[in-house]
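Labels run A, B, C, D and E following the written order; every chain starts at residue 1.
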Amino acid sequence: MSVFDLLMGALLVASALAAVTLKNAIHAGLALVGNFLALAVVYFALEAQFLGWIQIIVYAGAVMVLFLFVIMLLFDAKADVGPNPLPWMRPIAAALAALLFLALAYAYSSLGPIDPLADVKLAGGLPKALGAILYGGWLYPVLLVAVLLFAATVAAVVLVQPQIRKTRIKPQVLERDRELKEVGR
Amino acid sequence: MLLILIILLPLLGFAYLGLFGKSLKEPQPGILASALTGISFLLVLWGVLSGGASWQIKDWLPGIPFSLLLDHLSGYMGLVVTGIGFLIHVYAIGYMHGDEGFSRFFAYLNFFIAMMMTLVLAGSYPVMFIGWEGVGLASFLLIGFWYTVKKNADSARKAFITNRIGDLGFLLGMALLYGSFGTLSIPELRSAINGSYVLPMGLSLAGLLLFVGAVGKSAQVPLMVWLPDAMAGPTPVSALIHAATMVTAGVYLIARSSFLYVNLQDVSYIIALVGITTAAYGALSALGQWDIKKIVAYSTISQLGYMFLAVGVGAYWIAIFHVMTHAFYKALLFLASGSVIHSLDGEQDIRKMGGLKKYLPRTNLHGLAGALSLAGFPLLAGFWSKDAIITATLNYPFGGTGFYVAGLTVALLTAIYAMRWYALVFLGEYKGEGRPHESPAVMTVPNDVLALGAVFAGLLALPKPLWNLVEPYLAPALAHVEVHEMSLALEWGLITLSAVVALVGLYLGYAAFTRWALPKWYQTFQTWSEKAFYVDLVYNTLIVNPLKELAVLLDWLDKIFDSGYLLLASSSKWLAEQLSWVQAGYVRVYGALMALGLVVLLVWGVLR
Amino acid sequence: MIHVLIFLPLLFGFWVLLAPQQARAVGLFGSLLTLLLGLISFGGVLSGADYAYQTPLLREAGVYYAVAWDGVGAVLMLAVVIATFMALLAAHDVPPAMVGLSLLMESGLLGILAAQDLLLFYVFFEATLIPSLLMLGLFGGAGRVRALIKFAIFTLLGSLLMLAGILAARYLGGSPSFLLKDLLAHSLGGGAGMWAFAAFLVAFMVKTPLFPLHVWLPDFHAENHPSGLADVMGTLYKVGIFGLFRWALPLFPAAFAAFQPWLLALAALTALGAAWTAYAQTEWKRLLAYGALSHMGIGALGIFSGSAIGASGAIFLLAASAIYTGALFLFAGGLQRRFGTLELRPTTGLAKAAPALAALGLILVLAMVGLPGLSGFPGEFMNLLGSWQASPIWTFVAFLGVIAAAAYGLSAYQNLFHNAPGKPAADMDGVEWQWGTLAVLVILFMGVYPKLFTELIMPGAKAFAALLGGGQ
Amino acid sequence: MTTLIILFVVALLTTFVGFFAPAATTKKLTLLGMLAALVGLAFTWGDNVSAFSGLYRYDVFSQGVTLAMIVGALLALLADCDFFERKGWPAFEYYALISFAVFGGHVMASTTHLGAMIVGLEILSIPLYALAASSREERGYEASLKYFLLGAVSAAFFLYGIALYFGSTGSFTLGAEGKGLIFNAAVLMMLAGLAFKSALAPFHWWTPDVYQGSPTPVTLFMATAVKAAAFAALARLVVSVGLGGPWFYALAAIVLLTVFWGNLAALVQGEAKRVLAYSSVAHAGYIAVALFGPNPAPSMGFYLLAYALSTGLAFAVLAELDDGKGVPISELAGLWARSPLLGLGWLTALLSLAGLPPLVGFWGKYLVFVEAAKGHQYLIVALALFAAVIAAYYYLKLLAVALFGKAEKVKPLKLAGSAPVGLALGIFLVVLLGVLPGLTYKLLTLASAVVK
Amino acid sequence: MSYYLLLSALLFAIGLYGVLARRTAILIFMSVELMLNSANLALAAFARGSGNLNGQAMALIVIALAAAEVAVGLGIVVAVFRSRQSTAVDDLAEFRG
């Protein structure tokens, strides 16, 4: 464990804490960007270069920008203000998080030593090695991810369509709606 | 087949009259019913003369045959039932004249005869029980014949329910016998009991339970309360059912089971005690009655007590003998009373009678014959049979003398109330209104026959050394009790004594109720006696009303139970409502609860 | 043959439901055909046939469609087909759907009686609940929903526990299937047997019913359609005693032996308590419900005695009471029609105006009271003989109810027919003559010649007693 | 492969055709596609195929679950009663998203690879998030947002569990050797994630709110298809790790908590859809009972099918009554009088849900309980059965109101569009499979259903 | 390696805290992203520990998943905001009981 490791760890934790506590949503979002960048650096340290790049490009570059964009779009920067109907939620959340961490940490304490040949096998996590795996054994999930992204696009379009499409509605359908209202209410 | 015919004929009469009787004109139903009963009588007679018969369906119920048996005992009893029954049927044609329920009445009567013959001819206890309940039903129907009067309907119900108490005893007794011997056929039981050296435990209980049945049917203490009320029925019914035949079924049951009771000294003793108590109670209650029929009714209770005394002390044939003589004179008394009531257009209070001798000469003779026979006037039927009973008690090893003295005392009372009845109705001056008229021949002729019986029937069984036809005839069907033969001198001495007692009683009764001014204590006694010593009141207060309350209480308890279950249901609903605050709609709470679930799972799964 | 018998009513039931015109005629025709088939089958069973048939329903799970008429089943089958026919004869003023639902119920009941596979039995047992619920719910009185939920919850509580018991009986007992013969060969004992038996017991105690699981019964009858049709079918549905006889006790003889004293007490208390409670009722149907409950207590006593004669008494009682209790409910329906109420004192002295009705009423009441010569007696008597051998004390307690029966039966009768004539009412009409005659004939026949039925019941009862290690 | 391809093509086609064609055409196309998938399923039934280097596993279990999902989708399509058209809501997307969801569910059910599984799960979930909000109303948004946020959290649980699984076994395929604390934690976290999707307590909180808020046809689909897919994954997980570890107790606790909580909470609801939502929670518990048996797949498959039919039928009835604002129980009054077909459907559905023979729901319950009995878990069986008694209460109440309640205005209700077909089909199947359960159960036991 | 794992556990816990403590949908969603990333960190760390590249492949898939989720999630948030001018989740409590 080097100084670098400690530094990155501190950065990660600090930015994460900032992301979940800062009152201003834009600040929190920025903290999260920082966290993601730090994480990318950690990936490099973990022999996962391609992952690190992707992290920077997709996460920090695209996803978080999207987030910040939405935050600003919605003028919702000062979101966590106003009366809180669940004031006791914060300590409970903290306690639950702490317990979760402790349980996981306890589980990790039973881990064995690192495989001495690990970094050789990982080959630095370069695209070439990773690509062989992704388009080899992982072809199926990758294809599925394509479907997923397609489905997500459709879903997102459905969600943000601002107006109800004006279609010609059959008269008997309208009559039925009226009927339901009459009898139901 | 003969046997089933004996039962079936009246039953068919019942069915026919019940379904189509309305379309028949008076007196056709009466004639039909009487004829059928008469044919039954002839069939019984034929059966008796041809030496008995038996008939059965095997395994009518599993292990229990439907068996009928005509032996000497049932033949004898059957002759009494159908014979007296026939006479009363005939009488009723006159008595029920003009009643709108004429055909219904004869339907019921025929039904009664059928059931009574089932009872008598039964070769197994369940069959007897069919008849037993059947006559109870007939009694219910006939007591409540004029059901539009609430009192009559109430009396009918009371009779049935009281009888049911006894019937429960009968049922349980049968269950016990079946449990011990695996059969309920009377001949089989008889051979089983006679053949076994060691009697099963609980046999006494069986005997006692059967006796409880007899107590109910024969209106013995403490189940006697229904019989006086049963007088609500038409008088021929009182004569037939509540005097001559049905009420003696209890005696018949004990006699039929004599092979059992002869082995059960303890139970027999209880029977004798109950018998004498009932005899005394009936006689004392009869003394104070003002209703012409109630006197006879209490007298019936008393006489039935005598019969039980007889079977209790083991004198089975004498009891059966008394059944016959009693049937004659008590039927006669009832029918004579009926004739009186008929002639007075329904008047039953003897304080409004008197001097009827003049108006109703034939009936007067019938009444006199009946009363004297009941009182034990020497040489009349009642004298011989009653004397035989009282004498037999002396042979009883367990306190026979006490029974004897008590029996004699009751005989004295019997003579007094018999005379009181006769004197107040027929002697003295007529105190009522209206003009009494003698009954038609259709009513008096049967009474003539009965009167002959009441006078001469005793001659069938006379003390030694004179002839006795009844005892040897019945002997094969009854258990025999070894008794110490008493000397002829002693026997005839006792006979004389009872004759004297009867005569004294008759005189006392005649004197007291026609000439004397009665003392003050008698007035008190009169009141108590009239109310039959308030037994009804006591029963109502102690038993009937609490049971009614119990029913209400149980109903209430049931509702409590119901609401208990409802509470259970609503409490789970309550629980659900208490839980539902969790589902408050806050997504963060849901998240926290999920996290809590995960944390619990993890902490427990990892730290375990 | 047996399938036709079981499913013919179902067919006619659907016919009636789908084409409600002429409901009564079609229904009557259907039930008459069923009755005839039932009589033929009964005759067949008398001459030794059992019509057994078996085919897998769920082969993988060892569930069979296995049906047969043994003696006991045949006797009860006859009672079901007769009672249904009688009820439909009487039902001339009911909604058409009720006729259809009754026929569906008849089908289910026949299935219950014929099933030789425990799960098939269960399926029929539960399936029959549906039309019964519908009849109550669709055509019941004001408090029907409450009555319905109570009825259903009790029944379902019992039957779901029974389902657990069924599973335990098979999988703990190690039986290869749910067939009766397989289950009998792999009887489950020990503690598990106790629990499984208790589960069965609850189910059948609800359906018998026995104290304290009986509280659904009075409401069920009081709230049902006044015609009495639903009550007849409900009465037929009280198959608890049959269930105990065919399944619960034979499958768990050891557990039963341990429970027996308590069960006897429970049955006896039901018999007595219900009879007295009946005396306090002010409504015909409630009175009949409690009266019937009391009889079921006596029947249960016979079954729990574990003796052959007691068991056959219980079955006989079940068959007999199906007819006379059913007829009494129809009779009550007639009163409702006449007076618009079921109060016990709508009028008095009715015998004057309606003597035939009075006679019918008397015969029915007396059958219920258990008068010898009528159908109520033989069963009661055999129960008595059997239960005495098991427990004289509880027999005594239970049969105290006989006295109470006379009290409530005759009081109710007197209230209606005797005393001073009140409001007059019409005597029996044609329809009442029809079903009344049928009922009376059956009641008389069963009372006078029980041999026909006991002969069929007895072999089964003896086998039952032998399984329980007792009998004679 | 055939089924996978058919479903994929259907999803693509509905999306693209939907751009041009009217909604009705898209609907017909989707229906046709589902029927084609059904045919494909029928022709490949019993096959045991694996593709994509073993990541796609097409076995009898996957076929059974897919059958249940397609049945749910068909009912959802048939019973939509022009719901969307009536409201002028996006219509063709509805069909496209449903097709995608079915595809995702099939993927999820037909793999033992965790990577493929979670992608399948997302393909299933993401369309649903959108569908929940498709009503364009407050209630829909609330449902959608709740579903989405909690779903995302649960996906995170699942993912972290996958990571731990990988850490302790070095593999992403279920059935790998693994033990130790990390393995325990992995299984438990994956359990939690899947329990969320299958609405097992204490991860079920979203269910009532989302079911209530979503348009009824969508709810129908959620209750049937989603549950089936989630349980497929759950079953594969549990079977692969066996019942030996600490998750046995976890599972037992979850099952019991689920049946009791679900049934109790349903008692006090005033909204028909909400009652059915809690009932669906409870049913999830019953389905999970099968996990305690030695071979849960056939009975679970049967239950899923039975449940899809029954609850699908119930929601189909509600869909007819829903005017977009839910169906308070009181509005059910007089249902029988207003439309006998709806009444009959409601009756069959609820009695089947309550587990009364001879309806299919009974056999479902029976089979899962048998399964647990074979595993000798009698206590769980008994307690679950006991909870079923509570359930009977609210089913009967719903039934009583609908069939026996007096409506203020009894106006006949005309059924719209394809709804009568859907209802009739549902009733027919519920009764048919109730009388002859062997028809499908036999299919599910063809091969002894390799689940791992 | 276990250092990074602990770090990932800590991030996961912090993310969970954020999910529960935050009151607007968008911030909660951001916390969820934190949790997903912690899973990725764990995957990478495990891959590093055992020299198994599959872990990194999975992490890539997860990033794609997250992207899809973000698309839909932000869509929902925007839609909700449009309808009620707020994304505070505590206001969304119409359904209860």
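Observations on the structure shown:
Rule of thumb we're sticking to: contacts are C-beta pairs under 8 Å (C-beta built on N, C-alpha and C of every residue); 3 or more make two chains touch, one makes a residue touch a chain.
Since the model is a prediction, treat every value here as computed from it, not as a measurement.
Counted as hops between touching chains, the shortest connection from subunit C to subunit E is 2. Distance from each chain's C-alpha mean to the overall C-alpha mean is smallest for C. The busiest chain interface, judged by C-beta pairs in contact, is A-E. The distance from the centre of subunit A to the centre of subunit D, each centre being the mean of the chain's C-alpha atoms, comes to 27 Å.
Between the Cα centres of subunit B and subunit E there is a gap of 96 Å. Subunit A and subunit B have centres, each the mean of its CA atoms, that are 99 Å apart. Chain geometry summary: the mean Cα position of subunit B and that of subunit D are 76 Å apart. Residue positions of subunit B touching 2 or more other chains, listed in rising order: 569, 580, 583, 585-589, 591-592, 595-596, 598, 602, 606.
Residue numbers of subunit A whose C-beta contacts span two or more other chains: 85-86, 89, 92-93, 96, 100, 103-104, 106-108, 111, 137-138, 141, 145, 148, 151-152, 155-156, 158-159. For subunit D, the set of residues that touch two or more other chains comprises 115, 119, 122, 126, 129-130, 133, 144-146, 149, 153, 164, 167, 181, 184-185, 208-209, 268, 393. Of all possible chain pairings, those that touch are A-B, A-D, A-E, B-C, B-D, B-E, C-D, D-E. Chain contact summary for the complex, subunit E toward subunit A: residues 1-7, 9-24, 26-27, 29-31, 33-34, 37, 40-41, 44-45, 47-54, 56-57, 59-61, 63-72, 74-79, 81-82, 86-88, 90.
Interface residues of subunit B, counted against subunit D in their complex, comprise 569, 572-573, 575-577, 579-580, 582-583, 585, 587, 589-591, 593-598, 601-602, 604-606, 608. Those residues of subunit D that touch subunit B in the shared complex are 145-146, 149-150, 153-154, 157, 181, 184-185, 187-189, 191-192, 196, 202-203, 205-206, 208-209, 245-247, 249-250, 261, 264-268, 390, 393. Of all the residues in subunit E, the ones that touch subunit D in their complex are 5, 8, 12, 15-16, 19, 25, 28-29, 32, 35-36, 38-40, 42-43, 45-47, 49-50, 52, 54-55, 57-58, 61-62, 65, 68-69, 72-73, 75-77, 79-80, 83-84, 89, 92, 94-97. Listing the residues of subunit B that touch subunit A in their complex gives 586, 588-589, 592, 595-596, 598-599, 602-603, 606-607.
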